[in-house]
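Paired with chain B in one complex and with chain C in the other, chain A is shared by the two complexes that follow.
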Partner chain A sequence: MAASSVIDIKGLSKIYGRGGNSLVALDKLTLQVQPGEIFGYLGPNGAGKTTTIRVLLDLIRPSSGSATIFGMDARQQSVEIHQRIGFLPGELSLWQGRSGMQVIHYVASVRGDIKRTVKQAEELAARLKLDTSKKVRDLSSGNKRKLGLVIAMMHSPDLLILDEPTNGLDPLVQQTFHELMHEFRDKGKTVFLSSHVLSEVQAICDRVGILRDGDLKAVQTVDALTNVEFRWVHVQFRGGVPADVAQGLRSLPAVSEFQAEGANARMRLQGDFDPLLRAIAAGYVEQLHVEEPTLEDIFLAYYSGEGESA
Partner chain B sequence: MSGIIISNTLRTAWRQMFYWGLGLGLLGMYIVFIASNSDIVQGYADLFESLPPALLTAFGASGAELFRSTEGWVVTILVSELALFLSVYAVMAGLAVTANEEQSGILDMVLSLPISRRAFLLEKWLAYALLAFGTVLISGLLPVMTAVALGIEADIGIIFASILAVYPGALIVITVTVLLATLFRRRIAAIGAVAAYVIGSYMFSIIGGSASGPIADLLEAISYFSHVGGEAIVAGEYEPSGALALLVAAGLGFALSAYLFDRRDIGI
Partner chain C sequence: MTGAVFIETFKQTWKQMVGWGIGLAALAMLVVVMVPLFDMQDMKSLLESFPPFILAMIGIGSDLEVFATNEGFVAMGFFGKSALIFAVYPVVMGMRITADEEDNGIMDVLLSLPVSRAQVLVEKFFAYCISIVGVVALIYLGVGIGASLGNVDLDVGRLTEVTFYLIPLMVFVMAATMLAAAVARRRMVALGVVTAFVVASFMLQTIGLAAEGTVAEPLGTVSFFTYYNAGNILQEGFIWPHIAGYLALSLVMLLASLYRYERRDVGL
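The block that comes next holds the complex of A and B.
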């Protein structure tokens, strides 16, 4: 399976600094990204997402371990790899005095096949409603981001590596971005994107890796991640939440984060429903509502350590 | 090496080269204009004759006799100033090779393109080496044209050759700046280190030229200012070995920079 992976990372570690001031940015990371999938790389700031991307792009060198892209070593064959990938950095910096089109021409000239690449750039810019005649210094942060997306995608790469791609994009453009990603995947191409926007990952990704403190906590399909064992349960009682019922619910090991207000009780249930149903049977239940956890809940659960067993 | 980085760098940085060349050329024109008055030249020669040798060295001359000929006067005054001002240009050019783009984050995007780090560095270095030559050329052509226009009695070829001989020094400063930017990563640290190198080199040249003994000789030898060669060209005693040594050192410095740049993290 690993042989056909687009990205194959094995035991990758990156330690910044030496001695007492050293910082482990990545700790023996092992991860595969398969062809034709959109892989979401989730984690808060400082988790190691950008470090992983920078190792993949050969901008920084790992302390140990290896990374291959298309079966080629990320360091030894970086030029061949870069021919087939598009990259959007998390903080995009470009030449302030050049117009968007000048930047596109420059990048296209380094990549080769200028005519076709520039034509595709113009099409992408039109879809993203980007004015490429403006100088970079005159572009808003959202428009700079659009220009970065155009540069990353204009040569029809086989793999897109995007670091926080929708930062600064307005919701309409985000929608266009989602469409572009789905179209890209439908062509059998692969996307590796880092994000801390869970709804975005939920909307476009096939699989998600959750990173914390340089350690990959889980890799799951978005569906499987959502299908964890806890649920939010809302119960509405006639005449308010009975005191004995509230006490009974609080004492259940499977129930946590119990809140009661007026006639409504809200709690987090881990495991089977039966103990909860028996506990609320002492009251008159008008409504019972079960809510699936959001990806944010799951995300938080992984960060608190619970998710690893979920 | 595709040449795309070179052509792109030349296209975007030629104005800077032109304005620097123009500014330095205007300085040369001014000095040539003064030299067109033989009384002023002789007055200066008399003044310099009364100066101690150490002070004369600060002007780039080993003796006052040099100031008696018009070309000697022009070369001594102009070349020492050109060497100093071109060092500033060379530091800026050296920083533009990698340090500026690394500091701003642009290098992340550039190095994600299909070009190796070595090829990128080589093309940028060559581009700025060419631009520095262009600056020297413009700054030499303007005073020479002025000298021709004013019809001053001087060997124009010597003046032009002396100005061109400043180039290896500028190239070594560009290369040292690139090397220091590669070593220190942070732009401000590279600027501090290269400023120390330029000032130190200038001081070594003065100390080495005004004193005698093995230490003074060593200081003079390691200063790139000592190899500018203007005085030797005027005296007809120019040995290209000093300039060649600077060019070889620049080549070796670049090779070391490329080696280090290829092995280190970018943008941290």
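The block that comes next holds the complex of A and C.
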């Protein structure tokens, strides 16, 4: 239901430049993000993820279409909206000469309720093992990112908008980040997260939108996206892949991307297993391994245009 | 919260304000302590021997009488000669209002907070206005310390006017820089535009002074530097129409910056 959506984007287009040099960054994007979900926004560089986020934050203005957050217009009521959101940009820049705690105090003073906000910032910093006494210029990129997360979350926003949030974070901190996101969602709050790290999206997101060249190709639950009809099949034969078996497998309509090397054959199977089992029965099968497609496979499928019909 | 950007901007700027203020105050002090080394009548004779364009380049018009005084020497040696230097500080501060933070991406973080673009511009503008007042106050202190150290007899009232007249001039330059940044978006473009504006104004003032009594004289009237003439201020005190002109134009440029900044994409 669009009315109850936290984020509601309708026919949003953004065109940079004019005339022959214009670039369509977003093309009639329509998308809803529901309360209490972690929404992953997937796409390669230049797909339009950051442009979408910048429109939502009223940093740039759309060429056409509209975006509302909490039912309020992203442009006309940006100050009211910003009161309720936390934002982490993809390329985070902060005041170099100020310490982490001074930055926290500044942001808290703009937001108001300084005492409570700073207290929560201290708790988050402790959890992320961030030393807030250091000046921003002395922080590593990972620690800067942690500070960005603290600033985005310290006022307990209702919506987090995160652009590539785990860039530069070490695996342990990424784990803490995942926990924070789950806790955040468990409180009924919403996360809109752009990423090209598929494993991250798979681990924490409820739904995923796949963006290509400014066009939203699909919106699915992570489960539904993973549950596509193809599998990777690995077969190990005793004494090598028999030539007639290889030929038989290649001729199967359900098999594609067949590769044979020594005793091993690898192929992509779409549909039922029976034709494949019959074809390999002519050889002596030592091992059979079926691999679920990764989100990356699905991602590539969407990018090649194949997934659009899925 | 209203005022938070203003306070933080001032916190981030006060060290530069003190640094610039001390530097310019030291220069002013140096000029003041040199006053007893010169005989002012000899100075007047020397100045009379200079061709008009040389006098124009050091900010002096045809009326040399006023410069044959202690205050005139300070006005000529510091306030007249340093006009371009006084323009540098407000350009640096004007670039900080939007251009610098937009260029390095900090504006994305700031504008994601519950604060409007207009509020950011206005609070920063007034914080930097305060820093200009601070720099000018330190210059005034430098003149006073120089007079005390060199035991120089100065007309305090007139030099106070010459010194504090810098405030509207510097606010005007800062407002022009802010407008250039609000319109041009790219930091380097804005810096180029405002540098060209300041240098061209300085040249027009120089041409206007050097070409007194010729058809080229009116060229000086379009230069904003023309309305900060230390010699005239020594003779006439605060020239209120000029001060009002600086402040009115600054206000117009502030409003134009708000209009433009409110309507364009940020950080691209």
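In the analysis below, the second predicted complex is superposed on the first by the 310 of 310 C-alpha atoms of A that agree within 3 Å, B and C clash if a C-alpha of one lies under 4 Å from a C-alpha of the other, contacts with A are read in each partner's own complex, and residues count from 1 in each chain.
Heads up, the rule we're going with is that a residue touches a chain if its C-beta (ideal position, glycine included) is under 8 Å from a C-beta of that chain, and two chains touch if they have at least 3 such contacts.
Being a predicted model, the structure only gives us computed values, none of them experimental.
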Query raised in the report: When the two structures are superposed on chain A, do chain B and chain C clash or fit side by side?
Result: clash
Query raised in the report: What is the contact status of A:106 with respect to chain B (first) and chain C (second): first, second, both, or neither?
Result: both
Query raised in the report: Is A:78 contacted by the first partner chain B, the second partner chain C, both or neither?
Result: both
Query raised in the report: Regarding the shared-chain residue A:92, is it in contact with chain B (first), chain C (second), both, or neither?
Result: both
Query raised in the report: Now for A:233: first (chain B), second (chain C), both, or neither, which partner does it touch?
Result: neither
Report summary line: In chain A, both chain B and chain C touch residues 16, 54, 57-61, 78-80, 82-83, 85, 87, 89, 91-95, 98, 106-107, 109-111, 148, 151
Query raised in the report: What part of chain C is in contact with chain A in the complex they form?
Result: 1, 4-5, 7-8, 12, 104-106, 108-116, 263-268
Query raised in the report: Which bits of chain A are touching chain B when the two form their complex?
Result: 16, 54, 57-61, 78-80, 82-83, 85, 87, 89, 91-95, 98, 106-107, 109-111, 148, 151
Report summary line: The answer for chain B against chain A in the complex is residues 2, 4-5, 8, 12, 104-106, 108-116, 263-268
Query raised in the report: Residues of chain A touching chain C in their complex?
Result: 16, 54, 57-61, 78-80, 82-83, 85, 87, 89, 91-95, 97-98, 106-107, 109-112, 148, 151
